[in-house]
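Both complexes shown next keep chain A, but they swap its partner, so chain B is in the first and chain C is in the second.
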Partner chain A sequence: MYGQGLVKGLSITLKHFFGRAVTEQYPEQKPVLSPRFHGMLALDAVRCNACGTCANWCPNGVIQIESVRDANKKRVLTGYALDMQYCLFCGLCVESCPQNALSWTQDFELACYHREDTLHKLYQAEVSQVEAASGSE
Partner chain B sequence: MENLFVNLEASLNRFLTATLPGSLPNLAMALASVVVILLFVLTNVVWLVYMERKVAAYMQDRLGPNRVGPRGLLQTVADVLKLLGKEDIVPVAADKWVFKIAAVTVLIPTIMLFAVIPFGNNLISIDLNIGVFYFVAISSTATISFLMAGWASNNKYSLLGGMRVVAQMIAYEIPLVFSLLGVVMLAGSLKMSDIVAAQKDVWFIVLQPVAFLIYFIAGTAELNRGPFDLPEAEQELIAGPFTEYSGFRYAMFFLAEYGNMVAISALAVTLFLGGPSGPWLPSWMWFVIKVYVMIFLFMWLKWTLPRIRLDHMMQFNWKFLLPLSLANILLTGIAIKLF
Partner chain C sequence: MEKAMEREVFRADSPRTETITMNMGPQHPSTHGVYRAVLTMDGEEITHIENHVGYLHRGIEKLAETRTFTQFMPYTDRLDYLGAMLNNLGYAQTMEKLMGVEVPERAEYIRIIMAELQRIASHLIFVASYAIDLSSTTGWMYCMRDRERILDLFDMVCGSRLTTNYMRIGGVAEDVPPGFLPELQRLINDLPACFDEYDGLISGNEILQKRSIGVAPMSAETAIAYGVTGPNLRASGVAFDLRKAAPYGIYDRFDFEIPTCANGDTYDRYYIRILEMRQSVRILQQAVDSFPEGPVMAKVPKVIRPPKGDVYHQIEGTKGILGFYVVSDGTSKPYRLHIHSPSFVNLGVFPEIARGGNIQDAVATLASIDIVLGEVDR
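And then the complex of A and B:
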């Protein structure tokens, strides 16, 4: 019969008219992200042994690690920085970390006004700590 | 409440006759009704632009304008201010005078249509004894402004859009008028107040459902609204006849478009939905409610259906709507003769 499709279409739009909007009003209303969301990286500096695996795996050379050798010739982390302007959030660093020291956070608001601000220092040891770790006499 | 506007008019009339000499009060009263109609059209257009965006948004599971003012109510005001600030461009190759005049003349028939609309009991500017005929005659002159705009722009999109407007509006006017004839035959008069009075017991939409459907479809085509928005098909013609217009000239076309929508809905209310009558509420409020029900129907249709193809549109009109409306007239005549 003529007009059947018409009525069907009209009923669908009417249903949506009274349905809920899916719009997320972002700045006021934060999105609910999946637990596996790739946001900013977080470093557990206590676990990290500065092996440098993450920096080696990183395809874009985002990760900059500074370390010193302590009295037992063991590597100690003194600085950990991410040049986020090059990061593609692939997650190879997190996957590769043997100590599970790297993890993802839900923080996705990484926009900034200056290029220098894209450099995120996740860990920076104090000068005294560095000296103590390097076992300077 | 019922006689709010009638009383206002009467007191204004008394005041004017007391203060002004000779025939000036009559002139002033005529001007006053023009101003009132203009205000009615403008406020409705401002609201309709907002409503259209909200309806579209809700049907697409969005929120629509919600930033400017409470619930985005001032969105249209912001849009108008933006349009006021735009550069007024007249293309070098355009036919300048026709181009400029078209933006003005497009609004004139729209405003004139409201002269014969009964907004409430005793709320009609001029109750012509050929009211329906006047409405049909004036509304068909809107076509020429679109053609003027399309031709004067000296642009292929504008011209194609203008040609399509003419083809579409002239074609669909025929079933539109024929659908009105059924109502006129039942009421036995072209006078708006007589037609409203004839619907005291039963609305003409009950007696003339086919005529209402034809009127609704042809009205959508007359308004150049989706699914009959071929003249301004964005994907092919940019904006049809309005392509070269900017700033407030463009706003005039917008104004006319929504003003026409109010007018066509108002005529549908008068002829099919019992006019401004109803229980409990004042008549002018019923009129506004019914008009907005009609406008919602137009919007609902627009945001549901995709654009119809040009040849399908023509075929639908000449091969389906026109015979149907003729058959409707014939059946109405037979029924009148029998009962």
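And then the complex of A and C:
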């Protein structure tokens, strides 16, 4: 009979009318994210030895590392910045880090109004710290 | 004056009017991205269609030459962005073929699970967008609801929903987390009922049937002549699927069928996807039942320098045959990388099959071909 398909379709939607709502009311209700979620990157500056592996692995040159050599010719991290406008969120930097210093956070609200705000400085040493590290050569 | 007016008057014995040229796209909701078709219209009838592509060209093949083999993996996500896992798989297997890498058993199973989940997710987007192109907003919502669960599983495994970057040359990036398999089993149990819902809501809808049955039929000969592959080819009655014809990975271990339709019209091209999703669920169930333990990554050097030479490998993507051709000169970056994308090939047949219909039919036909512009333009 013509129209049977329409009635069947309507009965399916009617059934869901009384079911549980699946929509998440986003700004009010925050989503439950998985532990592996790729949000913002976080750096453990104590662990980082400024080897530059993450910057080499990054396909887009997002990571900018500044370092100085101390008295023992060892690299000391003085600055770590991410130019997030080019980030693919691929996670190759986190995967490549030999010290496990990089990790993902659950923060995904990264939209900003100005291009310069996309540069995130994860670590910046004080001037006195830089001088102390490099001046002792 | 009178004579001039006479010329303008519509005469029944010569109903041909002057043809007009119309642009469909690049900003048109039914072109699924920035695709432009120039239609030559004789009244309501389309007499000629010209494809214009390239609005989403990002030069990914050229970008590959300045990236290392590992660094190119995230770019494959952005080809067919609805089938990122399958693009990852195609590229990873191509490189493994070139380097002669053996992938661990568990990684092979994870790959099959991810590939089939991605196939279902991509087909769900197809069913959803096909429904909304034919004015059924409800159909869109139902498919999106179920796709969400698949994306949540991807999020659980690799931290991303769309651009997954999960597979690596020699295996997969990480093992699946502990809660993954029970969640996947729940999804496998629920999916057949969801497909029944689409059958009731979309496939059985008389309005949709009237608009798509018999519209823009594509014969098997036409499909083969244009090199159409994937579900579009199978809708025309040709049972060709690389998973059976030339099994890659471990597809030869699974028991599944290749569904085909008879007419190759717009409705068949829609319905074949529903049938394929049911087969994908069968593969998923078998993969979950025989999921082995073990490592997920083969021993591959950190900096990949494959031997000199070239390699071509193709897999059955969501839209058809997806091929990667890689030329290596022995360094850590590819000398040349070419991508054979199914959407680009399938789009070529659109002018042929949509000619003779009207614009409404052309919209339905384009939706049924299932193109993704990220893959067409690369």
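Here is the rule we use: the second predicted complex is superposed on the first by the 123 of 137 C-alpha atoms of A that agree within 3 Å, B and C clash if a C-alpha of one lies under 4 Å from a C-alpha of the other, contacts with A are read in each partner's own complex, and residues count from 1 in each chain.
Everything that follows uses one rule, which is that a residue touches a chain if its C-beta (ideal position, glycine included) is under 8 Å from a C-beta of that chain, and two chains touch if they have at least 3 such contacts.
Values in this document were obtained by computation on a predicted structure and should not be read as measured data.
J.: Now for A:M84: first (chain B), second (chain C), both, or neither, which partner does it touch?
T.: After superposing on A, A:M84 lies clear of both chain B and chain C.
J.: Between chain B and chain C, pick out the one touching the greater number of residues of chain A.
T.: C
J.: Could you look at A:L33 and tell me whether it touches chain B, chain C, both or neither (first, second, both, neither)?
T.: Second partner only.
J.: Of the partners chain B and chain C, which touch A:V22 in the superposed model: first, second, both, neither?
T.: Once the two structures are laid over each other on A, A:V22 reaches both partners.
J.: Figure out whether A:V130 sits in contact with chain B (first) or chain C (second), or with both, or with neither.
T.: A:V130 sits against neither chain B nor chain C.
J.: Identify the partner contact of A:T13: answer first if only chain B is touched, second if only chain C is, both if each is, neither if none is.
T.: both
J.: Once the two structures are superposed, pull the chain A residues common to the chain B and chain C interfaces.
T.: The overlap between the chain B and chain C interfaces on chain A comprises residues 6, 9, 12-13, 22.
J.: What part of chain A is in contact with chain C in the complex they form?
T.: My answer: residues 2-6, 8-9, 11-13, 22, 33-38, 57-59, 88-92, 95-96, 104.
J.: Under the definition above, what is the set of chain A residues touching chain B in their complex?
T.: Per the touch definition, chain A meets chain B at residues 6, 9-10, 12-14, 16-23, 25.
J.: Under the stated contact criterion, what part of chain B meets chain A in this complex?
T.: 55, 57-63, 66, 300-301, 303-305
J.: Write out the stretch or stretches of chain C touching chain A in their complex.
T.: 67, 70-75, 77, 138, 145, 148, 152, 155-160, 163, 165, 173-174, 177, 197, 200-202, 204-207, 209, 302
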